[in-house]
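Chain nomenclature is as follows: A, B, C and D, assigned in order of appearance, with residue numbering initiated at 1 for each chain independently.
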Amino acid sequence: MRFLSDNSAAVCPEIMEAIAAANVATEKAYDGDDWSLRLDGVFSEFFGKECRVFAVGSGTAANALCLSLVTPPFGAVLCHREAHIHVDECGAPEFFTGGAKLILCEGEDAKLTSETVDAGLASMRGDFHQVQVRAISLTQATEYGCVYTPDEVAAATSGARWRGMRVHMDGARFANALVHLGCHPGDVTWRAGVDLMSFGAIKNGGMGAEAIVVFDPQLAYELPFRRKRAGQTPSKGRFRAAELIAYIETGVWERNARAANAGAARLAKAAGARLTHPVQANELFVNIGDAGEALRAKGFSFYDWGAAGSGEARFVVSWDSAPADIEALAAALEAL
Amino acid sequence: MRFLSDNSAAVCPEIMEAIAAANVATEKAYDGDDWSLRLDGVFSEFFGKECRVFAVGSGTAANALCLSLVTPPFGAVLCHREAHIHVDECGAPEFFTGGAKLILCEGEDAKLTSETVDAGLASMRGDFHQVQVRAISLTQATEYGCVYTPDEVAAATSGARWRGMRVHMDGARFANALVHLGCHPGDVTWRAGVDLMSFGAIKNGGMGAEAIVVFDPQLAYELPFRRKRAGQTPSKGRFRAAELIAYIETGVWERNARAANAGAARLAKAAGARLTHPVQANELFVNIGDAGEALRAKGFSFYDWGAAGSGEARFVVSWDSAPADIEALAAALEAL
Amino acid sequence: MRFLSDNSAAVCPEIMEAIAAANVATEKAYDGDDWSLRLDGVFSEFFGKECRVFAVGSGTAANALCLSLVTPPFGAVLCHREAHIHVDECGAPEFFTGGAKLILCEGEDAKLTSETVDAGLASMRGDFHQVQVRAISLTQATEYGCVYTPDEVAAATSGARWRGMRVHMDGARFANALVHLGCHPGDVTWRAGVDLMSFGAIKNGGMGAEAIVVFDPQLAYELPFRRKRAGQTPSKGRFRAAELIAYIETGVWERNARAANAGAARLAKAAGARLTHPVQANELFVNIGDAGEALRAKGFSFYDWGAAGSGEARFVVSWDSAPADIEALAAALEAL
Amino acid sequence: MRFLSDNSAAVCPEIMEAIAAANVATEKAYDGDDWSLRLDGVFSEFFGKECRVFAVGSGTAANALCLSLVTPPFGAVLCHREAHIHVDECGAPEFFTGGAKLILCEGEDAKLTSETVDAGLASMRGDFHQVQVRAISLTQATEYGCVYTPDEVAAATSGARWRGMRVHMDGARFANALVHLGCHPGDVTWRAGVDLMSFGAIKNGGMGAEAIVVFDPQLAYELPFRRKRAGQTPSKGRFRAAELIAYIETGVWERNARAANAGAARLAKAAGARLTHPVQANELFVNIGDAGEALRAKGFSFYDWGAAGSGEARFVVSWDSAPADIEALAAALEAL
């Protein structure tokens, strides 16, 4: 009964079929095929705005390439202390930007707010002795499974935007956030001030493609070069494009995310007061005290979280988590 | 009738099946799954030597990561003037190494020889005003579709090895070379002095995985970090591993390469004296004079090569090129 | 009456004379001259250990080059949250290392302790998702004008050394620390576990040369290349070497630092309970409340420190601060 | 009798005096002092155009910082095969640009021409598989001691400028070129299409300061950050600024260069038909056959040049070369 990560879930049938359907010889390799050429259009319709879209092979690549477009080597990116780009990408943002810094801010539930962003900005100076903050990055849903409303995105980024900084969204679990919000995809992205985003698909039923979505076409100019240079432009690019097109057009982004969120909601009810963060997407953080060993003995896999001995655990529900597994875990959590 | 590139070929059925078979939920994401854990063993058996193997998403990534292991930022890599790493990777080696240089050597058929390598080495000094050559990279089969024998690999690299430099092989079309040679894979790699290689599969019936094969385990220590940092460690790594395992274990590496090479040999016979390089793998370089327009009018796609107006053209045969297409092209070349 | 920074002090006569004496034509440029060739010997004698020494043009260059020797691009350096390398070098460590991270630790008086270092190390993991801490950097005297004893250096770095990490000391004000300690230079550096250091001279009566001192010769191998590549190997290197030799051999390092420290001690007595940190070198941090405007009106220049409105101010005494200025400031501080 | 390099010459008295005169305590460190604040004005008057000027500590730093302003990491700089930035800077351009490439062109006397530049540009493609040429760099006087006329500068760069590329001049021996030309400094720089330059002073009687001169202020925006980050912003910046101001205002740039050029002209007359390049500045390249040993036995120091056994030697005349030494060498060359 796997609750370690949605990264270990299977690929959903619709995406497997799309990959199989793309397995024909094409005239042109790299991005010259029919699938790759459709990416911009499909995402532009999804977001209600003309955008440029590039498939890459991991969320880390998407994040780091995005940041390299908006942050010079002497620049900095403001993000939450718990942001995946800081904690879990082995310095990819520093590598792709040529050595920019991440400036870490606080915030409940791994969310930035206008107050914590202002405090972060106030800690930096504009003289040449310091790197210059040029971008802000926020994660939707956050690393604690919480979701920014459109107003919260706009508010958290307003101080940065007012200073001419660019806004990046790490949308590794964007579909889960969108299902929670029930809003139009544009409402919580470009209409709320987001300039470019990492659009996740792999965790939510995809196989190996994430999308970089650039809402301001001028920002995209450097991307084909930086992407190729990073080894993120595969010669059979049509397979990645086909995944992403299927993800959007068949609606699995929504179906899969809804299933995962529902499972998490069921577990949240069971965990009750033991929750350490609101459950708004497909992750739960629960104070299980010293019950870790017992839960694992019952067959549940999950990560301990926080400081050693904190008693906190993370459970992630996947689009394909078995209902019986969820019920079993719910029962076990209720019994704590 | 497509002869532009083997990059636009289809994926062979065995690999599609392996991908489908890997579509089960796993306990661990990233490289913790059963397929990823088998990679070292499968390749170690193939090469007859214990090696460390890492799947990545493109040949450019494989090359650049390999070079970053053996070349410090103040270092240099000696390669042929026509090497893919210099001509067609948008500076990926420079990016991944932190700004090392490529030192360009001459050589017929895009092959390095001990003479041209010695000349390249002799052009560099050991003082601190210059970057220091630390590695040599050669392409098998070469960018002109020619194949190094084991002795040629050993000879071309001996001067560099004697100086303690490391040897990298760009094996984007390694299977085609191996089929031509008919030797054991180890004979033309580690037994001939190769320390690490980019092992191509995508052009020869694969979908999206190439392998980095490190024959000296000590060299591999940094790779998990550099790979993650480059966004080349996908969360569902099992799909890439499954591709590579199937590529080796089902024997399609050989079957597919043999088919492509045979098609090229058929065309070589037709092109006769118009060939500008020996045909030893699956690429032909032909002097077609001013017949380019006429050939395209008949439905053949291919690239012009060399300087504008040179009359040279490149034809690439894929593992799945239709026999009828090959015969049609052979007839057209004979008619020139 | 300047108390802004020791960086704006004059150059002491002994160093001016040494520069003038070096103004003869030499046989060899760069580092081939008689002064440069003596650097290793002069510093080896000073520190009581054979070391390799390289002159560079700024403290930032010294720090960043040092860190690039001990930190791979996927590495990290552990340092204090207030460390100059983090706060005031515009990302030089990130640039020179190829994108490593700085991991920030806490500590009173900008001092690392074994507890805060352990906490920093405990916050990091050894898996490939994170950068790997490979070095620790501490500043002597610290950014708050405090001095580590030899035991404190050894204690703060022991956990890192036990893990095989390297120890860097930013000695921008090393002479001031040494005068305070009264110990042998080796006691608080290599004997306490320091592998390499930035040895400051400019703030303490020098003109334009700082030294990189490498106590482990093996670490120095890459430095001539990295230094040249960074534009830190001037063609008339003899002038920088001459400065550093004079700094050591004439004893001005001690005389100048003693004068500056004595001035600071005089002011510390005047500031009394208003001091926010112990005064052990040539800097004072004083809570002046709302007296900033009045002090400036009297002709004193200094920096406000800490958060806006905190009432904290920094006063730096230089080797050439006029006694009358110091007395005037002492009186003003006493009158607060 | 030293003819190895002008880098080993002495510093001229006017510059020594200026350095001594700058040895007063100042209010502000770094670039806030009175000398640094005058740099823009002094050079703007010299060049007849408003420009931004930054002192750095070496020609390598000047070149690499300049190139980093006009070349993105995925970019390329077109230069001569013998350019100092390629041959003798240990990869500094690659380091500072984040891994851009140098594209090497041919040309007599190390001079680029419109033909060789066009050939270089024609060798590159605009697609994302290749780095994109964004700048051209030419050396004045060239690495073979030859001088571009204003028309030659304009012609060699016109193709690049027409394509929107930027033009950098490596002016390590700019004064020698200017004296040869007798034209206004603006004629052979910004009026001929140069956007920014490395303005040399060290070889021509300076001590440790070279200037970056940016003729287009918009280009200069990033420079204070990139310079600090490179450790090229010394805290006592006034000394470097004072050197450069004296170099211009006292006219030693001209006097010193005139002396060195005259010495070289005298030697050129002596070398006659043995010259391998025209002598237009202060360097001679002479075919001395097998006379190297004999010349050295007479007390002359110089570098062998070109391939081993070529019989070519380089002699450099400095501003302070003794007339007797020059006459002695002239006699020796005539006697060959």
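Here is the rule we go by: contacts are C-beta pairs under 8 Å (C-beta built on N, C-alpha and C of every residue); 3 or more make two chains touch, one makes a residue touch a chain.
Fair warning: this is a prediction, and the values are worked out from it, not measured in the lab.
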Most distant chain from chain D, judged by the mean position of its C-alpha atoms: A
Chain centre separation (chain A, chain D; CA means) in Å: 50
Distance from chain C to chain A - Cα centre to Cα centre, in angstrom: 42
Mean-CA-position distance for chain D and chain C (Å): 34
Interface hub residues of chain A, defined as touching at least two other chains: 73-74, 89-91, 95, 98, 128-129, 131, 225, 228-229, 233
Arrangement of touching chains [line / ring / star / complete / other]: complete
Contact set on chain D toward chain C in their complex: 2, 4-5, 7-11, 16, 19-20, 23-30, 33, 56-62, 64-65, 89-92, 95, 202-203, 207-208, 225, 228-236, 239-240, 301, 318, 320
Chain A-facing residues of chain C, complex: 73-74, 76, 87-91, 94-95, 97-101, 122, 128-131, 308
Complex contacts: residues of chain B adjacent to chain C: 72-74, 98, 128-129, 131-132, 222, 224-229, 233
